[in-house]
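In structure tokens below, several structures.
The same chain A turns up in both complexes below, where it pairs with chain B and then with chain C.
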Partner chain A sequence: MSTYTIPVGPLHVALEEPMYFRVQVEGETIVGLDITAGHVHRGMEFLVMRRNIYQNITLTERLCSLCSNNHPFTYCMALEKIAGIEIPERAEYLRVIADEIKRIASNLFNAAMLAHIIGFDSLFMHVMEIREIVQDTKETIYGNRMDLAANCIGGVKYDLSDEKIKYLMKQIDRLKKPLEEIIDIYINNKFVRARTEGVGILPKEEAIRYGVVGPVARGSGIDYDVRVKSPYAAYDKIKFNVHVENGCDVRARAIVRLREIQEAINIIEQCLKKLPNGPTCIDYLPEIPAGEAVAKSEAPRGELIYYLRTNGTDMPERLKWRVPTYMNWEALNVMMPGNKVSDIPLIISSIDPCISCTER
Partner chain B sequence: MSSFLKIAIRNLLKGPSTDPYPFGETFVPKGLRGKIKYNAKACVACRMCEHVCAGGAIQIREVADKSGLEFILWHNTCAFCGLCEHYCPTKAIRLTEDYHTAHRQEDKYRYVEKGFIKYVNCARCATPMVPIAFELLNVAHDQVNEDIEKLRHLCPKCRQERALR
Partner chain C sequence: MERNIQGIFAEKLTQAVGEGFSLRWETDSKGVVTGWCRINDHSQITNVALIVSSLGGRVITITAYKTKDAQQREIHEIAYHFDLDGCTCTVTIEIPRDSGEVNSITPILKSADWTERELQELYGIKVVGHPNPKRLFLDETIDEGIMNKLIPLSVAMNGATSKTLWEKVFAATSKEGDTK
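Up next is the complex of A and B:
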């Protein structure tokens, strides 16, 4: 059988984000892979050094659309560490609520993409419609469908009135039944199963070797979640499960994401019940001394790490972040070989890649 | 179970779930972050909005004849983040629920929100100053009495002198 190389990308591999692969194939089977990154470098790390601490709240939120809340969230946590700011308790809960709402929408989006890639477009539409419940919720509570702009230095800049709490309860209730239905389909439907089971295997040892994070790690049997390992905001006051699957394939990663939506609903419900009264944000303009800090959070795609250094002015001296996709895309080198060419987009989408934040 | 057919039929019976926009109404929740509205009367020219705006959509400049300050906001540069409103002490800058931002290409540089803060003269020494908005007094004091109201018309220097007397 002849071996040849096919270029995949840089446009439209799974999502409409540029990523370029040179795939070596033998007949229909993938034998090797080259990943070329760097197509959407926007110079964000430089831009943040040209913006003051406030402007960077907005700028970091635009690193990535699907994990958008985690960036300003983690950035604010780093700043607050340097300045020694204690945020009000209510704000901690509100931050968790915002983050979990984003997680639901993000994971539903990835589940929908999976359906689209395997040609199950009616399921794709259906899942996107379920996601629409979340989009409407975000728009009603935060004022925007994607970038919530929930965080500010020392707290959050939104509040939940009793009326909004009721509304949010109602909206997440509306998600439960359709969610159960689609989880059943993703796990048991024979067409979905035929395309996802045993595809894009990342064995546990390899997952550890590559240091993958988020649902990619948890789909390969690794019980790692920042929310539990090093709790931040109100996560230490909430009881929830970290869902781990041992299938190590595309299907396992999809199941993890779907189960995490259910867990997110559980987390939001607990937060709404426990939500303490009080202010949502510090009531002074903070002074940020010179210093450095590392903050991390569990984004929908996995562990997100921020490193921030300040020099006493209100412009950061350095801000660097390590995003989950950076760890996860290398593992494609393990997932791809042995699979069919037609599975390339499916495997790529199974790591839920975010190129815009990885290449920033 | 696990067949999609039931769901597909249910969805079919439900009919389209898209809004008929622009020919009909669409979902606009209260609190949507849309086009900015600026109220020069309530503005105290603290420039915090200008400072926090990531895109640099806001500019506050003294006009050529030095009669006051001009506020300009480029709608096309605004990212609807709401930071300006959050940090504005008097809420002179607000995001409205108006999301209609379509305009002609030739109008793109004129597509702005403008305001003018005319300097007033200090009641004592006549130095031109930014008028102190009533809204600011409400932020600073629980109750605005006559004395405080009088101080409103003095420049910072005269105010200081009055306070020390």
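Up next is the complex of A and C:
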């Protein structure tokens, strides 16, 4: 059988962002893959060293839209570690609430993309409609549908009044029933199963070897979640489950993301119930001494790490971050071979790739 | 059961490199342990990778940066951030000025693959023994080590865009003033 090389991307209908894949095929079966990145490389790690530590809170939030909250959140945690700041307890809870709202919206977006790619467009519309509840919630509470600007050094920039708490409770309540319906479709619908089951297999040992993170790892049976392994903010005071699937395929990764939406709702509810009174932020502008720190958080796509070096001035000496998607690209070399050409966009989408994050 | 992964790491490191390292563990208010290690001999990084591999750890990321030595000369340091079952251990080495080379740990820990390629193209640090050393982000026509000498766009353009814009604005407003 003859071998061909098919170019996929950099611009492709099923990819929201540019990435270039050269896929080697034999007939209709994929045998190899070559990934070329760099189409949206903006040199942001250089930019952050030309801005002061306060300006960088705004800049890091603009790295990516879907996990935008995690960047300033984790960056602020790194600054707080260097300066030895303990944030108020109320701020810890408010940070968790902001992050979990973003997780719901982000995971729903990926679930919708899956439906779109397999041609189940009514499901796509349905999921996007549910996501709109979350978008409205973000707009009402934070004033913006994507970038929340919730974090600052030493706490958060927003507060929840009793009225807003009631509103948030009502909004997440509205999510529950439709969410159960769509999860049932993703798990049991025979057409969805036919397209997602056994596709894009990443065995557990390969997942460990490639160091994949987030729902990609948890879909391959790895029980690793930063919120549990190295708790931060209020996650040590909240009870929640880490959902692990052993299917190792596109379906398993989708189920993990959907279950994490349900857990996020559970986490927000606990936070709203437990929300202590008190200040939402420290009441002074802190000075950041010289030092180095690492901070980690569980973004919707997995482990996010920030490494910060300061030298006592306002400008960071070095700020490095590694986004979850960065680790998951190489694993496509394992997921792809043996699958059909028609599954290429589906498998790529199953790692929930964020390219503007990867390339910075 | 809590296994003491930090203790085992320290023990194995002593066996591998003897006295040539410093290591301290920090525990934050949530009980999360972070390790900070500095190794004098940069070639020992492959031994560290072997230890991390034997403990079931992985590479989270690798940070390269420039710092100044005692004579105020610029030197490169590389900080390897390893994950040991939730504990982040940062192992820092200094790159010798004359060679600018470091051994690749990708053959030992696959999770270092992309990040080693990135530091090679951005910092011009030669990663020796990388199985797939081709460019990750930058085009082949761009010199290596671009992070060392990048000129910001605003400097390169010398404020040309904003100057042109304001010239137009001023021209427009002065015309308005004339007609009045």
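Quick notes
Convention: the second predicted complex is superposed on the first by the 358 of 360 C-alpha atoms of A that agree within 3 Å, B and C clash if a C-alpha of one lies under 4 Å from a C-alpha of the other, contacts with A are read in each partner's own complex, and residues count from 1 in each chain.
We adopt the following convention: a residue touches a chain if its C-beta (ideal position, glycine included) is under 8 Å from a C-beta of that chain, and two chains touch if they have at least 3 such contacts.
A quick note: this is a predicted structure, and the numbers were derived from the prediction, not measured.
Taken together in the superposed arrangement on chain A, chain B and chain C fit without clashing.
By the touch criterion defined above, A:Ala149 reaches chain B but does not reach chain C. In the overlay built on the shared chain, the residue A:Phe46 is in contact with chain C alone; chain B does not reach it. Once the two structures are overlaid on chain A, chain A sits at the apex of an angle of 90° toward chain B and chain C, using CA centres and rounding to a multiple of 10.
Within the superposed three-chain model, A:Val294 lies in touch with chain C and out of touch with chain B [touch as defined at top].
In the superposition on chain A, A:Lys157 makes contact with chain B only, not with chain C. Looking at the shared chain after the overlay, A:Asp223 reaches neither chain B nor chain C.
After superposing the two complexes on their shared chain, the closest approach between C-alpha atoms of chain B and chain C is 7 Å. Chain A makes touch with chain B in their complex at residues 51-52, 54-59, 61-62, 120, 122-123, 125-126, 129, 132, 136, 139-144, 147, 149, 152, 157, 181, 184-185, 187-190. By the touch criterion given at the top, residues 1-4, 7-8, 11, 17, 27, 29-33, 51-55, 79-83, 86-87, 95 of chain B touch chain A in their complex. Within the complex, the chain C residues that touch chain A are 28-32, 34, 36, 56, 58-61, 63, 65, 67, 79, 81, 83, 85-88, 90, 109-111, 113-115, 135-139, 147, 150, 152. Looking at the complex, you find that chain A touches chain C at residues 37-38, 41, 43, 45-47, 50, 81, 86, 208-211, 224, 226, 229-232, 236, 292, 294, 296, 303, 305, 307, 309, 317-318, 320-322, 326-327, 329-330, 359.
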